[in-house]
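A single structure is presented below for examination.
All chains are identified by letter, namely A, B and C, in their written order; residue positions are counted from 1 within each chain.
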């Protein structure tokens, strides 16, 4: 434990800015993964245990696209679009077969794909750590805000993630497709009775979730190292985020992700050995006091 | 009622007229099995085979204890492997640091497991299906990351190295391979017998009621939360014993013992062998270890092969091998007409 | 015997049970009726502990059970059967009842003995005979017919030796003939077992023919209580209930 460092940081505006920014980075990436997880759960009542793989593929797709084309924008696009397609195929071909089956079966199918996807990445890109490198457009002097160091790329990352959150929130609330998705989450039988293709919606939701996680992976690629299995720890953290925020709630995922980001960022100063533990501790406190999460609906 | 429940329901014909007699039968089968296993080294000198049986003992205890949760109580834990790792590390650390006799360290390991399982269980067992699965998984990751980061105690990602001292006790010398082998078999057979007793006790039927319909069970006067917590702790004890065997076998403990894939494999072993029979997980363990050994010899991409096998069972067959055996047997007994 | 004092429960702003005060005499047979959404099931859920009341008392022989958990309330002697037969699909009829007796004898967590315990056998046997399920003892509950599942549900409540038996629509989902058979069974159990029975029923013919006492619930309140004749002539009941539902029922 190193409480002096933590209190020292809280007293200094420079450190505060640096840690808050890094907390936001962690939180925003987690949000993009968690929101897909929570959306898929909300509509399909399935926890996509292989969701971390989308994050991983997003990062690898982006890296390869960047290496081939040198375009950062194209890299992001490839990361997001590639995983969207992957999500669609995964749902239509495999997950759609285990809806309504035992939780055991759903977990097993996802477990199988975690194993398969990790090995596929190992086959294509190799088992060693990879790095995409910071695009040249962002290799500029960092900003100094109140004495704290903020790389410009971080601002872009936060901006993109926040825009995604806003677009998603508005899209679900305002558009026709959004209403159908919310209706499907509420009452799938009704939606299919109205002549709407539920298969299309389910596939679409998986593609959307995959796309968001892929985008998170692509955004993370310049600042994190890439390795097979990188998706799993992100999955666990995103799951913790959704548990804290409440399964099925987008706002909950956002708040939960930022909370976890801050806990990780500041916790690493005060409790370097127990940073992960803090996260779990926080989850346990939320679960015990509010079993459905901060923004979860009471399950009848 | 889910599909799986319906299938289970259609399959279980056993009615037991004289319960005590069944217990003697179980004990006799266990004794016979133990004698056969114990005499094996006299006829077959292959060290590899004995190693295989020791690993089967470790994973068999773990998988069968998981079936107490999954198959008998309907609690799909995805973090059961944490107790396997906990057992291995606790035992290894106690032996390395204190030098107490092996049985004392074993009992101390069980005590530690009880405490940890009771705390984690108290938080988890109230949660609904999928939440339960994932929160147990989260706790597994917590234990795993604690092992990785608490380097001064656990050796971090290097694991507990330098070997676990195994002083002889009651004339049993665990550094002797055959002694280790027979001890593992004894632990396996005793563990299975105890779990069989749990499954066939009145408490075992309480668990079945909870699995089938927890709400109704509470209206029969059963304290569902307490029963679930009890079986969670009991199952953890057997998983921990599996971990102890593993620690003795490799004379160490590694973070992989506490990694989530152990839980995943446990779940798959149950699926592979079948959750409707008591020995299903044992059959699954043997099959998975054979598969594991064969595949790792042939390719480095073990995950892909295992993944495809899992998909074949989960999406293709939808039940375990022992389930098929039971069904076939029931069909033969009742004749095909009745089941049509 | 069973006295309900000022029992209330609200969901959001809706009062599902609103200040209900009722007495069920020892050995009485009472039908609870009321239009859909009258709060009948909520009323049962409150008494059996499935829901915690906002206020009020549930006195069984003077002991207040309000707010206690379902297992506690069952052990005090209030048994319950459900509208949709609530059973254990993979257990046989015999095993179901044996396991229930185990729970009643506080032996549900016994680890060192084998199931079934000898001392549970007579009670299970007796209950199977009462409900006419002896012939199906080794059938798993999932394979029973709908009617037999309902009987097993009742048997499951009865085998615990309750002082009060609450039956939530024992005839739900049955054809006319089967309904009468079921309700005759209920009456027979009431007569032979000398227990207090409260049942919810939709079929007015059955209610007026069978039940010596009737309670009418409407929007969570008690509209009327009394003998069938009095209920039939009660203006408020005719207005609120018979006026709508009986005609609808008659039309079908």
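The criterion applied here is as follows: contacts are C-beta pairs under 8 Å (C-beta built on N, C-alpha and C of every residue); 3 or more make two chains touch, one makes a residue touch a chain.
Since the model is a prediction, treat every value here as computed from it, not as a measurement.
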Most central chain, Cα average position: B
Chain located farthest away, centre of chain C as origin (C-alpha): A
Centre-to-centre distance between chain C and chain B (centres being mean Cα positions), rounded to whole Å: 42
For chain A paired with chain C, centre-to-centre distance based on mean C-alpha positions, whole Å: 49
Length of the line joining the C-alpha centres of chain A and chain B, rounded to whole Å: 33
Chain A - residues contacting chain B, complex: 47, 49, 94, 97-98, 100-105, 107-109, 111-116, 118-120, 122-123, 232-233, 236, 239-240, 243, 247, 273-274, 276-277, 280, 283-284, 287-288, 291, 299
Residue numbers on chain C that touch chain B, as the complex places them: 48, 50, 69-71, 74-75, 80, 82, 86-92, 94-95, 98-100, 102-104, 107-117, 137-138, 140-143, 156-157, 160
Complex contact set, residues of chain B against chain A: 2-4, 70, 76, 78, 123, 126-131, 133-135, 137-139, 141-142, 145-146, 149-150, 260, 264, 267-268, 270-271, 275, 301-304, 306-308, 310-311, 313-315, 318
Complex contacts: residues of chain B adjacent to chain C: 1, 5-6, 8-10, 12-13, 15-16, 19-20, 22-23, 197-198, 200-206, 208-209, 211-213, 215-224, 226-227, 230
